[in-house]
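Per-chain residue numbering starts at 1, and chain names A, B and C are given in the order in which the chains are listed.
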Amino acid sequence: MEIGRASVLESISHRFGNGFLLTASMSVLAFLYLPIAVLIIFSFNDSRILSLPFRGFTWKWYEALLNNADLQTAIWNSFYVGICATFLTLLIGIPAAFALDRFNFPGKTMFRRFVLLPLALPGVITGISMMNMFRAMGIQLSLETVILGHATALVSVVATQVFARLQRLNRSFEEASADLGARPWQTFCYITIPNIRSAIIGSALISFTLSFDEIPVTFFLTGRDNTLPMYIWSTLRRGITPEINAVGTIILVVSLVLIVLSVWLIQHDDQKR
Amino acid sequence: MKHSTRRTFEKYGVLSAPLVWTFIFLFVPYILLFTYSFYIKQFPTFTPAFQFGNYAQIIADSQYYQVIFRSAWIAGCVALSALFLAYPFAYFLVFKVRSARVRMILYMAVIVPLWVSYLLRAYTWKTILGNEGILNSFLVWAGIFAEPSDLFLYNKFSMILTLTYIFIPFTVMPIYTALEKIPRNLTEASHDLGVGPLQTFWNVILPLSMPGVIAGMTFTFCLASGDFVAPMLVGGPDGFMIANLMTSQFGAAMNWPLGSALAMIMLVVVLTIISLSDKFQRAGRVELG
Amino acid sequence: MRPIIRIEGVTKTFGSKVVAIQDVSLSINEGEFVTLLGPSGCGKTTILRMVAGFEMPDRGRIILGDEDVTDVPPYRRPLNMVFQDFALFPHMTIAQNINYGLKVKGIPKPQAKKAVEDVLKMVELVSESERRPNELSGGQRQRAALARALVHKPKVLLLDEPLSSLDANLRAQLRVELKHLHEKLGLTFLMVTHDQTEALVMADRVVLMQDGRIAQDGTPEQIYDHPASIYVANFIGTTNLFHGRVVAINGGDITISSGDQELIARPSLAVSGIGDDVAVCVRPEKARIVSPGTDSTNLNTMTVTVEELLYHGSSVRVQFRLKSDDLFLVDVPLATASDRDRLPKTGEEITVGFAPGNTTIFPWEERR
């Protein structure tokens, strides 16, 4: 029996292939976490300047956070905007996903393009175009205009996720429900929604997260009240203190907790299927 | 009520909210932008008109079209470097990591940085690359440089580095998804036919992952070209991009018509790229069963 | 027996080209077990879905009892369906699945509880009632789907290929169970299947479909013993076919000339004149090997060469090659040891024969 011989290239690549991949992947991770590590380290640095050497461990920047009323207002504003915007994206995005999955109507392709557009379109365009419109209509910029901007930019997140889930949903469940006597709205509440729950929750979380850190759209639509990113932006222009690092670290920790929670929830949910 | 009438009622009921929203907040603003792009700048704001002067200015005046090309060039570099870093990582996760749990942890590890403020992450690069930054301190300490260099900041290099950094996660995600969908028995079949791993990758895996690659690169290119934060933080004069140009037209320069024209150009370019990308993805998409 | 379902002149087209159902009319009587049988794409599932209300006919009407329900949505029709993949709601327990329809209709809780318990007892799933569908075996899921439909005591039970996702042994067992269930409950069953054994075993009436039209509508015996066309003869069981021309008709006999021989067949209303182009069909189990010395004057006989012996467990299918180069099949039962000993060997030349009374003739169709 003839057993084939590997070419030189093949042998080398096989030996070093896995090693290469492992190194490359770990390097990528190291690259990704370097600034974050720097961020965290300097939030504990007892020095105003964000550079080496490391002068000593301190909590004082975290303490300063507690006294910073502006920062706290900004955080609160971000939550307010995030929750309202997410609510709106669900309200608009879920019907949009259904319409795209189930119905045919004139102008469907154009509608689809428009809904998906803000996903890959730089936020500046959404921000500028909406700012133009509000100005032309004489509407003052405020947190509410920011909410509308975020919702517009983020609807596509919900729409795409829910749409993908709907495509995978077995249509016979809804037919069985109708066959057993449930009216369309009952089928929707009792059968459809529970089965796309993970997509709804997942996309809502992503939507909220994106809203929380949103910059370009917010930049053009902010009035007097700042969201957290706008606050950080103005601080960066003025002169940074490590308080900002403390904020970043806290956000990281909270997000980590949230992610772990949501993944656990979704896994738990899916296990029941 | 007749069944078909009921269906139509249902259909438009569901459609109403998204349609109205899309019309008011997407369609109308773009129309407005389109209209403004033909106006003339007149102190203090602008007057209605129908003229192509703004577009002509953009094409003719080098300070404008240079910015456009620079943005495209930088965005292209970012897309490529993000690809070269993201692909091996995604490949490693999908094909080399055995445990599903470890795979998920590593995947999450790539997503987690997205949760730290974009501003902060970009700003931190400024501190790392600057004269008193970590990189310079390290190089001086190691004796490689005699004194801190300002090679690293406020130029195209720092722009590309920072933006690549931001967009790696966004490139990993679609490639990971595309690779995951490839049935494992295809690689097994390839090996069974006597084809080694390298060739299998080139002939089987890479082509099948193309839709994900295209999606990731399109996304990165479009968003990187329209970024205005990184240029302001780490770009310096060399990093002035189209979004900054637009912002200044709506700000200090008070030239809304010109800004609108720029925005329209960007809108059209992005739309074109997305359509092309869609076509490529669909052409390259093979039914994986 | 009065019709409980009437399908009148129904046509359905999908897209602009695919005509799924072409002017089909069918009547189903109360208490019957009717099977719609046919290959995939013949339109049988479409008809079932139209009766259930999930598709609407382009032309024609569907009448349930005395009411025209063509325009009535599925949740207002008094029938229930068992879906092909069972469609049990994954996020509910079996008990909740069964209770679902009662809940949405607003049936009071104590009444609903009792109905669910009763039907669980009937399908023997009481101990699984708190489990979820993915924890049950295929057979258990089928019973759960049945229970969920039957708890509403529908006038008509629709079944969409209910056994197709189960393995062979389970299918054999459940065929009989479903038949018993039908007899016990006295409901009307309308079932779709592509498996002819299921149709023959379970149904009172088989409706065989071909390309959107009804090919034959009759009892299992009628369809099997008196197929109306080549399509039916080939679809149900296997058959031997001779292509010939009518040369004589006298009373109880009709003579066909096929190739270089003459066959006597049993007359049929479908074939009337001398010179008609016909097919003569005889089932393999109705043909016999004629041992030398047996009286074969009343049989059609021919000399053939043994080509292959296909062992089927309880019988052997002997494949013969005719002089015309066609194949001829004979099923020989293997009841005793001596049956096996008397089997011919490959290459032998033998005489086979079949009685005229065991033939069916119908007009020849040049189809493949």
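The rule is simple: a residue touches a chain if its C-beta (ideal position, glycine included) is under 8 Å from a C-beta of that chain, and two chains touch if they have at least 3 such contacts.
These figures come from a predicted structure and were not determined experimentally.
Undergrad: Find the two chains joined by the most C-beta pairs in contact, please.
TA: A-B
Undergrad: When you take the mean of every protein CA atom shown, which chain's own CA mean is nearest to it?
TA: Nearest to the common C-alpha centre lies chain A.
Undergrad: Round to the nearest whole Å and give the separation of the Cα centres of chain A and chain C.
TA: Once rounded, the distance between the two centres reads 56 Å.
Undergrad: With centres defined as the mean C-alpha position, give me the chain B-chain C separation in Å.
TA: Taking the average C-alpha coordinate of chain B and of chain C, the gap between them is 59 Å.
Undergrad: Using CA atom averages as chain centres, what separation in Å is found between chain A and chain B?
TA: 15
Undergrad: Going by the touch rule set out above, which residues of chain A reach two or more other chains?
TA: Within chain A, no residue contacts more than one other chain.
Undergrad: Which residues does chain C have that touch at least 2 chains other than itself?
TA: Correct list: 73.
Undergrad: Quick one: in the complex, what on chain B touches chain A?
TA: Going by the criterion above, the answer is residues 10-12, 14-19, 21-22, 25-30, 32-33, 36, 85-86, 88-89, 91-93, 96, 104, 106, 108-121, 123-125, 127-128, 130, 132-134, 137, 165, 168-169, 194, 196-199, 218-219, 222-223, 225-229, 233, 243, 246-247, 250, 256, 259-260, 263, 266-267, 270-271, 274.
Undergrad: Provide the residue numbers of chain A that touch chain B in the complex, in ascending order.
TA: 4, 6-7, 9-10, 13-14, 17-18, 20-22, 24-25, 28-29, 31-36, 38-39, 42, 49-53, 91-93, 95-96, 98-99, 103, 105, 111, 113-115, 117-126, 128-133, 136, 148, 151-152, 155, 159, 184, 209, 213, 215-216, 219-220, 228-229, 232-233, 236, 240, 244-245, 247-248, 251-252, 255-256, 259, 263
Undergrad: What part of chain C is in contact with chain A in the complex they form?
TA: Those in contact with chain A are residues 52-54, 73-76, 80-81, 83-85, 87-91, 100-101, 104-105, 132, 134, 148-149, 152.
Undergrad: Which chain A residues qualify as touching chain C in the complex?
TA: 170, 172-173, 175-183, 186, 190-191, 194-195, 272-273
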